[in-house]
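Same chain, two partners: chain A is paired with chain B first, then with chain C.
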Partner chain A sequence: MSATVAAPRRPSALRMMLRDTGAAVSLVFVVLIVLAAIFAPFLAPKDPYETDLMAIMQPPSAEYWFGTDGQGRDLFARTLYGLQVTLFMGLASLIVGGVIGAVVGFLAAYYRRLDGLLMRLMDILLSFPAILFGLALAAIFGPGLTSVIFALSIATIPLMARIVRGAAVVVMGLDYIEAARAIGMKDARLILRHLAPNCLSPIFVFATLRLGQVILLGSALSFLGLGAQPPVAELGAMASQGRNFLFIAPHISVIPSVAIFLVVLAFNVLGDALRDALDPRLRI
Partner chain B sequence: MARYALRRVLLAVPVLLGVLLIGFFLMQVVPTDPAVIRAGPQATQEVVDAIREELGLNRPLWAQFGFYLWRLLQGDLGVSIINNMAVTQELSDTIGPTLELMFASLFWSIPLGIGLGTLAAYWRGSMIDRCIMAVSVGGVSVPVFFLGLLLIWLVGFQWQLLPFTGRGGPLWTWDGIQAVILPAVTLGGVFVGPVARMTRTAVVDMLTADHVRTARAKGLSEFLVVLRHALRNALIPVITLIGLQIGFLLGGAVVTETIFSWPGVGRLAVGAILSSDFPMAQGTIIVLSAGFILINLGVDLLYAVLDPRVRLS
Partner chain C sequence: MTHLLEVIDIAKHYPAGKGAVKAVDGVSFTLERGETLALVGESGCGKSTTARLVLRLIELSGGTVRFNGEDITALSPAELRRFRRKAQIIFQDPYASLNPRLRVGDTIMEPMEVHGIGTPAERRARMEELLGLVGLAPYHAQRYPHEFSGGQRQRIGIARALAVQPELVVCDEPVSALDVSIQAQVVNLLKDLQARFGLSFLFIAHDLAVVKHMADRVAVMYLGRIVEVAEKNALFDNPRHPYTRALLAAIPHPDPGRRGHVTPLGGDLPSPLNPPPGCHFHTRCPFATEICRKDDPVPTGGAHSVTCHHADTLPPMGAAYQGHISETAVRRLALYAEASAARAGAE
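Up next, the complex of A and B:
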């Protein structure tokens, strides 16, 4: 007969995070904007590309919640579709760059012979700011959403590789990895089943914070005309089009800019809270 | 120190060569013939052929890269497709304004960020701390163009207080200062937040350090303890982190220059790319990358000077 003593359950990371009001609000907000982006076709009261020259530059009203732009397109509909494009751009770059970076990081941590070479390569990539990748790829392949996604992916690779390598090197020193090796487990299986799952928290924190940065950078590139091309409803491109009407109808630029700001803010607050919850040492 | 510096400089060389290689390939993949561009629209086939021979365009690729490096060393980056100006000439005209804008932005944002970060660290956990950190998270989340457009609309247009297009002249003239204020507030505005956050973390670390406790124990005033013992030691990591954020600043500068029609390298780069002016685009990208590499190099060396542990490790 054995008596088990119930250890006091550590509160889950999610619960700890939600104690922070800002984080709870951000989480709800992020869920809402993701839903809004997915269901944009059903939520949008009008076609985001339908121009109405009788109703250009209308201020926000009961009929046009966010007003209309210089070609009479409904800004509420365009903002919903813009969220879709902007979030897609952010997620696509995060996933492409993040996956490649994670693979590099795990390989560097697991095969020590590769470590020096791989991390030097990452250092080289890291020595360029994302905006330069954006400019260079737009120059080579022409401006467009694809160029932006590629540029942001490349800029994400070395950051993710460093985070993953840092976490994986610590886990590699633990006994159970040694044990798994001793019973003759294959490398691939060991990395996927035993190494990766224990490196997830820093990856998660980084991904959340990075998503905000990537969206900010991507919309800046679109604002410059190097990203999504008109008439595509992308928030940065929309803000850029509104520049021409800044003094007559400032809402055309302000509304998409505020949308970007709120989305990025939500991811940043969420990322910070996630880091605090997952890594108690950082709480001061 | 000399050995550390040498190693660090040698590390920058392959990166720089990589940049040049990318610049070189940029000119290979674009659908224009550099010889035709250089010859101008009215040139005969013979002239184009002569230029092609002179530029070494009939040689194998590796030899072309050699030619390209050689011309680069002589300050020859080709001519603009759009206005036939020498790329190096346009670049040397725009580097100054870009540096001016960056300087004007850092001039106010770094002291403010360090001040706010120190206050937040000293009163950590308090309402002041929370407010400062909330503002700084807001600062890193705001798109640069949003800040710029708001300033143009409010300060420039509604209140008519300051000019918002172009450069007014050198920074030591009244017109020059007036014209740089709005762009510098825009660009610096997104930099205050990160500086405040980094300072807060570094100062919090220092405030719990032994030497600060000693300083308190010997009866120094709180002001002196924070300023002379905590902040001063915290500045080393803060300076490095600021240096590493220069890339972030560069991104902001490209956007800020475009919004305010500031005649800098960033605006030149965007204009060149949008008008498919490949030689100019290539030149701007090379200059921006090389500048960034040099800044990083400088920061690393400065760090080694400030902190002996770096160069000994």
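Up next, the complex of A and C:
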């Protein structure tokens, strides 16, 4: 997703990335899972919530591609819907946390007198593990997807703020920012038109890598029972539900776990490739 | 008639530990309409800081800057924006001075948008006219900065500065990042534009050949202060301050036999964090005496102002350097003149 957003500006970056086989494969994979998640209702052969007590814990077969779970629900359908929920959770928290973090980072870089205060606040946020935010929010608002999204957003804010501040401080030192000030434009215009667009590369790279991390953390929170509640299909929660049958029917846990693994791996490889492609120093 | 620009005793001190770095420490000068004042000096002497103080791109630690008689140090943010329409800047590094993500046309139109000049159609027409003025073509407006060479980018920077029809343009080493043949084109372009629009230039440079070609008057800076100001020819023919002499003597000479008797400067530029007492230059001055170590000299001499205790008693400058600038510089000046003539012939 991120790669295609960055592509029109720098056509060579996309081409650079596709030269790397791993990156090309992960890009295709990411596009496929995103499409699969969006079109889950059309792709799923069965209702993911329909239980069939006559067919519980079925191994993968021609009828049930990924088998069935302890209540006889089709795991293929649940995995598709689970991808939808998991990706939504990841994207929502990335966007909320990323936007707030980016605003903080730009303000800290542009108004140097706010810098110390804002970044120390970010350091404080950074000192809490994301799981702790999840526990706290689940305790306050009750477990659920919303709590997880808030927890992950909060955990993303300081990371994004640091990345953005670092990039923006460098750009602030360039002559075209001074030229913009000499023209006499207002701060908002300067930040939106001159500062922010020139900080996009590191933001995209970080966002892609962070999406993988957030999905992993969110699945962990769901696995612990703090996130999506049954019967909602969510990959972490599905893995958790299958753990009672680990020795009888391992596929119930393993399939959603492998799905999480592949999604996170794809975003990590993509993020790394994006960083290499956008960093001109690494260009050969 | 007031001066276009009157700078009175401006200072910029950066706090550093217990003391302060006195980047600019009591600089005064004036600039008339249509005039070019060159500010020369070695790296770190405060030239660029002075330029930015004059435009109030950084806040002053002291002193006053009057533009058309109006004290710009006291302007409100709204008034400051109006002032920015009258005073613009051209940068040294043509690779850092253009936003890489804006099309060239948008970069040039932006100052007009910010100041609400004209309708979108008028701004576009004016932008294309500006591109023509600086020797580019209207179709260049659709391109991004990375598609241009250094000299072309510098022309774009000039077009941006002229978009709001300023009276004063600060040129911060506008040609030092360009190679010599391109320098000639850009320097002549600046002169043409000055003649055409009656611009005043505050021209920062360390290259004396460029200064000799561009300037009407020259101010020499050393360690945050101006040590000598004079009409260009007076300064080159009869440099009065020992530092100015050293600067002129330091221009490389192709014939070692013609090297004069001016002793090259020893030592390094003292730290502006802890400048020497008395005359700032005394640590490196071959003529320094007791008084130089104690008392700050004051500018004397009216139109050819020099800040030196011994200005009147110094021996005349070595004959080899009388009115001399090096042959390479002479060749470059000839090149500039040639380019200028070719340009005039073409029109």
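Following the convention adopted for this analysis, the second predicted complex is superposed on the first by the 268 of 284 C-alpha atoms of A that agree within 3 Å, B and C clash if a C-alpha of one lies under 4 Å from a C-alpha of the other, contacts with A are read in each partner's own complex, and residues count from 1 in each chain.
By our rule, a residue touches a chain if its C-beta (ideal position, glycine included) is under 8 Å from a C-beta of that chain, and two chains touch if they have at least 3 such contacts.
Being a predicted model, the structure only gives us computed values, none of them experimental.
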Chain B and chain C placed together on chain A: clash or fit? fit
Check your understanding: After superposition on the shared chain, which partner residues are touched by A:261: those of chain B (first), chain C (second), both, or neither?
Key -> first
### Query
Which partner does A:111 reach: the first (chain B), the second (chain C), both, or neither?
neither
Superposed angle chain B/chain A/chain C, CA centres, nearest 10 degrees, is 100
| message | With both complexes superposed on chain A, which partner does A:39 reach: first (chain B), second (chain C), both or neither? | response | neither
Check whether A:189 is in contact with chain B, with chain C, with both or with neither, and answer first, second, both or neither.
-> second
In this superposition, the partner of chain A with more touched residues, chain B or chain C, is B
Superposition result for chain B with chain C: lowest C-alpha separation, Å, rounded to 13
In chain A, both chain B and chain C touch residues none
The residues of chain B that touch chain A in their complex are 14-15, 18, 22, 25-26, 29-30, 124-125, 134, 137-138, 140-146, 149-150, 152-153, 157, 204, 246-248, 250-251, 254-255, 258-259, 269-270, 272-274, 278, 281-282, 284-285, 288-289, 292-293, 296
Counting only contacts in the complex, chain C reaches chain A at residues 52, 55, 57, 80-85, 88-89, 91-93, 96-102, 110-111, 114-115, 157, 160, 164
Given the complex, residues on chain A that touch chain C span 9, 174-176, 178-186, 189, 193-194, 197-198
Chain A residues touching chain B in their complex are 22, 124, 127-132, 135-136, 138-140, 143, 212, 216-217, 219-220, 223-226, 236, 239-240, 243, 246-247, 250, 253-254, 257-258, 260-261, 264-265, 268-269, 272, 284
